[in-house]
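This report refers to the structure that appears directly beneath it.
Labels A, B, C, D, E, F, G and H are assigned to the chains in the order they are written; within every chain, residues are numbered from 1.
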Amino acid sequence: MELTVYLAGEIHSSWRDEVKEKVRSLKLPISFVGPMENHDRSDSIGEEILGKQPNAVLRDETASSFNNLRTSVLMQKSDIVIALFGEKYKQWNTAMDASTALSLGKPLILIRPEQLHHPLKELSSKANVTVETVNQAIKALSYIFDTE
Amino acid sequence: MELTVYLAGEIHSSWRDEVKEKVRSLKLPISFVGPMENHDRSDSIGEEILGKQPNAVLRDETASSFNNLRTSVLMQKSDIVIALFGEKYKQWNTAMDASTALSLGKPLILIRPEQLHHPLKELSSKANVTVETVNQAIKALSYIFDTE
Amino acid sequence: MELTVYLAGEIHSSWRDEVKEKVRSLKLPISFVGPMENHDRSDSIGEEILGKQPNAVLRDETASSFNNLRTSVLMQKSDIVIALFGEKYKQWNTAMDASTALSLGKPLILIRPEQLHHPLKELSSKANVTVETVNQAIKALSYIFDTE
Amino acid sequence: MELTVYLAGEIHSSWRDEVKEKVRSLKLPISFVGPMENHDRSDSIGEEILGKQPNAVLRDETASSFNNLRTSVLMQKSDIVIALFGEKYKQWNTAMDASTALSLGKPLILIRPEQLHHPLKELSSKANVTVETVNQAIKALSYIFDTE
Amino acid sequence: MELTVYLAGEIHSSWRDEVKEKVRSLKLPISFVGPMENHDRSDSIGEEILGKQPNAVLRDETASSFNNLRTSVLMQKSDIVIALFGEKYKQWNTAMDASTALSLGKPLILIRPEQLHHPLKELSSKANVTVETVNQAIKALSYIFDTE
Amino acid sequence: MELTVYLAGEIHSSWRDEVKEKVRSLKLPISFVGPMENHDRSDSIGEEILGKQPNAVLRDETASSFNNLRTSVLMQKSDIVIALFGEKYKQWNTAMDASTALSLGKPLILIRPEQLHHPLKELSSKANVTVETVNQAIKALSYIFDTE
Amino acid sequence: MELTVYLAGEIHSSWRDEVKEKVRSLKLPISFVGPMENHDRSDSIGEEILGKQPNAVLRDETASSFNNLRTSVLMQKSDIVIALFGEKYKQWNTAMDASTALSLGKPLILIRPEQLHHPLKELSSKANVTVETVNQAIKALSYIFDTE
Amino acid sequence: MELTVYLAGEIHSSWRDEVKEKVRSLKLPISFVGPMENHDRSDSIGEEILGKQPNAVLRDETASSFNNLRTSVLMQKSDIVIALFGEKYKQWNTAMDASTALSLGKPLILIRPEQLHHPLKELSSKANVTVETVNQAIKALSYIFDTE
């Protein structure tokens, strides 16, 4: 049995590399998908495809439609979603993706530093599990395959 | 035909009163539901019902389960969800509620100041309509009933 | 038992009035909803609410989001959808609404002049019933209430 | 990860060949399905299987049932739907297929020349992304696989 | 709490009258819907609305589309479906309606004489309850309202 | 706004009366439904309707089909499910009803004495809220209606 | 692309062999599943597994539960359902399976001799296509794979 | 065709080994998944990943969230669920898993000793088949693949 995991959340740190490396070292049969990690490109993809837009809001609007297309396709291919919240940024698209995962019946692992618990309390209460570190999320993935 | 509208979003300003008053003055057949607007109570409802919790995280956890219960019941009774984002706070539960509305097939009206467009671009792209003021949201509600 | 019927389709003729009048004269317990029938307003509703847009495409885009919001709310309140195709105009939103009705499990009555059968053949094949006149659609509605 | 894309829309030009060729040259792991592209055969398939029909409407009706069967099977196998609208023909089955894709939760890429924006505005507003050329649609597909 | 019950099945005997009378005498808050009970009309409704058809098969086809429209609307309004099978006739539409009820999550009460058990065994195994007489079905309805 | 609450769980104590009385004294707009509370009748309802069965297992089987019919109808009418577990009995039907509620998207309030936490931990983790007393469940219901 | 087709319907003739042979000779990438074709075994499977039952009705009941288990598993694995009705037998399980297929969104090909049109008219009206011979059903399957 | 079967139920006996061995000896193309069978680990997995918890209830709560995550992922990968009830323990999570399977449309085979029929009668009535021994469940699986 192979699993596909969607890695939602911030694209400013290298947490996805950490996840992939550890899963590889544990030889778990998991493959990963996720958002465009090149931040500049995820902001400019609308203009890259459709050309210069009249203003900043429309630049954002066109970019977000291609980002949502990508997320929609890849999340539907996934068996589990991991959403990581960091200390910076609004991260409303992460909250949206996490909530979409729950609504699609995709089990959700939420990673957040303890100090973010208060603003994330309602989402944490809906997540299947909430952990604080990438390492703990890996252990949760690993537990799915463990037989004893 | 009567509609029920769930008013998701910040509970620190009086925007819900503004919505209700304008809808009343327009005599639109709409009733409103929403989260507990007393912030302190929404934070302490877990301990109010279950008693003192061992620590702050668990205090939050128990509170959020009652808040989510409330939201779940009331949103299922709603025909439309309006989600308002303000300049302050993380508002991840608002993003979660907005996304849940979309997943349940409830039409979503997003209200946000233009300067928040960038962090809200993916959610805005999924919303049925995005507006900048309460007044515009009222006009959108009113348009549903207009016959010419 | 009361039924709500959504009347999708062209807004350039008075077919909805004909439907409503006949249903009233038959005293059938049916109420009707439908799109904004003032064509100019349905084209300008985006700018009416959000203000002047940079160009014609964006004017259309904003208008369509409010029109879709309206349709989404009202169609979910409906038990049956009647979609009428006329000889003029592209009417792609009518085809879209008719198809959405089918996907939502709302029974669909398609009204089209016989000469439009060829381009509408796939939609007609999916509709619950296809008729040629408003009068025939009324008979179909009436049959639902008849006891003998 | 391999994706299957359903190519809905007009069968009078060679746009599907253009899509397939470009995707092949980009070595994207995508396979394509779509409607019967031989127009005469898609019109006569009913009589080909069931024999001569009493009149033109019934000839159409039987043909459309086999065309819809085909579309239904193939679209369910697809991860994404691309719908292309051209300048000619009613293309109501394309609007129907595009809308069905959205209702099934299949992400939809809409291709239409800018001058068709007005009649397609409601469908465009529902599509995940709207582009003007086949090339732009390919870029959207490619973006799903890009990692930076 | 009021319930609506769809009475599927044969229209050649007066079993529906028996059901309604007994429910009325028990003062249960139940209203009933069901198919057209005038057999001739249910066979000719297609031609009644659309005019003379080319042959008997098409006469049947048009009639069945209006009958299915009726069933679809009324069954969606129902909380429970009762399907009665008698000794005569093919009754394939009854089996279809019973199965549709189950797929829609509508509880199904199957009434059949014991001697029909063998051919109905798979449907009986899926039904919520199987009884042999109208009287037993009434008792099942009554039990839903009983408090002791 | 009125809510309907299904009261699942043991029928050997008078906890339902306690719930109803308190809700009445709080004047909350809630009505209640639930299983047959006369234990003997819920065990014999199969034979009461269908007559003497060949053995004890079949006596149980027929009874359970009528009990499940009742639960299915009433739970679909409900907005919230409260499931109470007591110290005695297997209560597997309560676990089943609670799980069905969750699968239907009905918010679930679980009431169990603290000492039952271990065997109920997986169900508790899925429930919207878990409380220990009827009184706490009433507070949870009341909170849904509170405005401050 | 490979398809799986469930062959519902009578098990007294060799029509399934005919289907499989023709599909093999056309080299279509289709595999087939279906009910137990050994009639005696499908009637006795309940007693084969659970032992002698008290009477004929219970013998049927246990058999049908294993037959429905089989059908449920295999139909969920299928992309298309073909249901064949013959001149003999009640075939209510065939009508049930055909209707279940439609409710699951599985495209349905109905095969029936023209003389059975009247009793099958409602099911025929719901089926994606209705044909009269196995050969015509094969052509419908083949058309799905044809590219011109 | 390969099937995946989730083996829900008690983890104190070696019934899963018995199932797997027999299926292997019959060379059936079935693979198995299920809960963590090391009881101590399934109780301590929360603390293993998240560290020491404040009290026994919270130790259970964290453990159950990881156990439910595991079950949710693996059950969604399954085609059939087998749930075995034994004479000891509360087994409420087994009842919950069995009920979840039914709600997800996964066929359910219930194994229970005859003496447990009374408390399991409602769940048994909903299960696709109920048997008394592992051997009988294997026969049910085998029957799905048998061709005569």
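Quick notes on this one:
Criterion: contacts are C-beta pairs under 8 Å (C-beta built on N, C-alpha and C of every residue); 3 or more make two chains touch, one makes a residue touch a chain.
Only a predicted model underlies this, so the values are computations on that prediction, with no experimental measurement involved.
Contacts with chain A and chain E are shared by C, D. By residue number, over half of the contacts seen at E-F repeat in one listed pair from A-C, A-D or A-B, namely A-D.
Ranked by distance of CA centroids from chain G, the top chain is B. Compared on C-beta pairs in contact, A-C and F-H come out with F-H as the pair having more. Centroids of chain C and chain F (each the mean of its C-alpha atoms) stand 43 Å apart. Per-chain CA centroids place chain B at a distance of 38 Å from chain D.
A straight line joining the Cα centres of chain C and chain D is 24 Å long.
Within chain G, residues 65, 68 each touch two or more of the remaining chains.
Residues 54-55, 58 of chain E are the ones touching chain D in the complex.
Residue ranges on chain F touching chain E, taken from their complex, read 4, 31, 33, 36-38, 41, 45, 48-50, 65-66, 68-70, 72-74, 76-77.
Note for the complex: chain D touches chain A at residues 1, 3, 79-80, 105, 107, 109, 128-132, 136, 139-140, 143-144, 146-148. By the touch rule above, chain C contacts chain D in their complex via residues 56-57, 60-61, 63-65, 67-68, 71, 85, 89-93, 95-100, 102-104, 114, 116-126.
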